[in-house]
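The first chain written gets the first letter, and so on, giving A, B, C and D; residue counts start at 1 in each chain.
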Amino acid sequence: MNSLHSLTDEKDTQRVEAFSDGVFAIVITLLIFNVHLPDPALVTQHGLLAELGKAWAVYLGFALSFFFILVMWINHHRLFTLIRRTDNGLLLFNGLLLFGVTVVPFTTSIMTEYLNHSEQQTAIILYSGWFFVVAVMFNLLWRHASRGNRLFSPYADLRLAAAINRAYNLGLTMYLISVLLAFVSPPISLAITTAMGVFFALPNQRMSQLAAVE
Amino acid sequence: MNSLHSLTDEKDTQRVEAFSDGVFAIVITLLIFNVHLPDPALVTQHGLLAELGKAWAVYLGFALSFFFILVMWINHHRLFTLIRRTDNGLLLFNGLLLFGVTVVPFTTSIMTEYLNHSEQQTAIILYSGWFFVVAVMFNLLWRHASRGNRLFSPYADLRLAAAINRAYNLGLTMYLISVLLAFVSPPISLAITTAMGVFFALPNQRMSQLAAVE
Amino acid sequence: MNSLHSLTDEKDTQRVEAFSDGVFAIVITLLIFNVHLPDPALVTQHGLLAELGKAWAVYLGFALSFFFILVMWINHHRLFTLIRRTDNGLLLFNGLLLFGVTVVPFTTSIMTEYLNHSEQQTAIILYSGWFFVVAVMFNLLWRHASRGNRLFSPYADLRLAAAINRAYNLGLTMYLISVLLAFVSPPISLAITTAMGVFFALPNQRMSQLAAVE
Amino acid sequence: MNSLHSLTDEKDTQRVEAFSDGVFAIVITLLIFNVHLPDPALVTQHGLLAELGKAWAVYLGFALSFFFILVMWINHHRLFTLIRRTDNGLLLFNGLLLFGVTVVPFTTSIMTEYLNHSEQQTAIILYSGWFFVVAVMFNLLWRHASRGNRLFSPYADLRLAAAINRAYNLGLTMYLISVLLAFVSPPISLAITTAMGVFFALPNQRMSQLAAVE
């Protein structure tokens, strides 16, 4: 099978990436489809702008999740500039990560539904907690692919790989801290989770420098 | 990282385009899924054709948005005949544009829901206004990629780039005028917005000539 | 611009095909998502199998539309084994065809909803009629691309192009007959529409022979 | 037409795979969109975690179906490392398989809806039974493509093809046994169906060895 694999390497990751792109594209699009129109009766009473304005937290929550899914896609894309070979483990770990991604709209709905509700804290713990779970899934995929550089392109930039290692170690720690803080102060937890999204949205070099400082 | 990038250039934009195509395809398809069947009780009373006919404005609104999303995709496609390299900024500006695109079904639902309603004008301002926002996002993406031709293919047709510049400057102005006019006359605003869609659906040469005349 | 086009030909159709594949894939998948679970109260009373069985016409209708969308995709794929160049007209005619495709789930829902209802005939006229509209859209796309072979690959099999011409002329006639017959006998109309689906699902050679006999 | 085919081989399977990837990606993503938020009134009364906890069987059922769709995609991917040519039969058998895949969310909803209900056994028979139907569809596709190696790449690994043959014969038998057992003991049927999912998730070599032992 080795000879087959060396022949079909390029093709294998192309299809994994296409399948993953499809899942990311659907999740990021359907997020917004979960936002509902305001109640027509209330609109007639208070006006359209007033009713849309009342739902600002919902819109902000969905915009935040859109940003997180985008950052996840950018990071998936970044990993696959290095990964060129596939094996069965990669397909399964990538599938596990996609499972994590498809659940984000569900946790987003829970959070936006229960803001300003007695269950707000539980909702934010679940929302932040799921991003920690996704971070663990990213780590599993990355560790599987990068151990001994085994699924890398021969042209892989090993300094980029080292930068990702540093960033993922930092990321895992910070997401865990964020979940634990959610039990104490949900707003601080949300702020740290958002900051980690911004961190992973940075270009490789900048991200690498920040993670090294840590 | 530069050596890596020069090796993987082709691949990088391919995946950005695939992801974007996925989002455009889902948004354009789901537009129509937002159109609901007529109420069975009313159909039994007045007949199917009569009930479908009553909803003509809804169908027209969704067909209009389908056309706009198609034109946006054609223009995205046009930009990426020039853009061949990616960087972190391109991924983020492209993500911002996709955010704009995924919101269009929401503003479309608002407009079609509130036609012939006391809130009609607000709904049309939001609908036209969002297209202005998307035009701004297209400009940000384009300016980031075209500054110094930095993300262009070495074979990029610079006359096409100049034509796009002219068209985007005109587009931004016209969409802004359209939003402002919506406060005075919603139908004229809708007409200008539609005319801009037709303008951006034209072939490059024709679009370029019209923008130059302006 | 001509020199640019000759350089990016391959890429242009690839992206049109990717976008179209996305739309076809979403439409064909969401068809089934329109099928609803039986009413739990009725299931408790009559049993699950009995309630599922009552909805057989709905399932058959959706399976039929799945088959039609599949056949449309196969024919789109067949056209693009010949078409290798794109121009603005192709993007717009292809967009128009995709509009036709995305409406099929709507006409399918209308038909399955109004079977065994006083409005059954109107529903079947709309269902069959829309397939005639889609056939017209296929013809517009094909005529635009094939006039003078202008968007063809230089390696295009011109016998295949001639076979498609014959099949499309036959198809347009038969779909029109089917719509007209729906005013007289809906079941015969549905049968002809289905037969045309089977005809376009045949391999090129067989389809070509049958169309030649006509 | 033969000369045409030898020129466009690579392209043909690429588009079949892209279309199939799209369908798999949409089905696997929308599975989770079928999971609903808990009833707000009950959440206020019993707490969010308690209400989410009550629905554990629903979440488990959807995670199970996510895993099955993923395994189907991995196996589709595995078949197309061998298949490089397409013909009309392949397009139709692949379309039939995709039909099978798109129905899985429907059978999943039925199963999760009727757990702990008098109709539980019927629901599990339908759920397990449909996986048997999908296994038959996989066999039809595979037999069509592999007969005389006719749609294979000239570089196809024939030992891998033989391994798939053995695994598919075993799979068909086991899925049939699983359906029949569902009439006697639904839990054992579900366990065998799950075990077959794990079996098909194994790497080729391991799967081949296990199938050979059988």
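Observations, loosely collected:
The rule is short, and it goes like this: a contact is a pair of C-beta atoms (placed from the backbone, for glycine too) under 8 Å apart; a residue touches a chain by one contact, two chains touch by 3 or more.
All of these numbers come straight from a predicted model, not from anything done at the bench.
Looking at which positions face the partner, chain C and chain D present mostly different ones, since fewer than half of the interface numbers are shared. Simply put, chain A must spin 90° to overlay its Cα atoms on chain B, rounded in steps of 5.
Each chain gets one centre point, the mean of its Cα atoms, and the points for chain C and chain D are 26 Å apart. Computed centre separation for the pair chain A/chain C is 37 angstrom, with centres defined by C-alpha atoms.
The set of chain D residues touching two or more other chains comprises 18, 22, 25-26, 30. Across the interface of their complex, chain A is touched by residues 17-18, 21-22, 24-26, 28-33, 35, 37, 40, 43-44, 47-49, 63, 66-67, 70, 73-74, 77, 80-81, 155, 157, 159-160, 201-205 of chain D. Chain D meets chain C in the complex at residues 1, 3-4, 7-8, 11-12, 15-16, 18-19, 22-23, 25-27, 30, 87-88, 91-92, 95, 98-99, 102-103, 105-106, 109-110, 113-114, 117-119, 122-123, 126.
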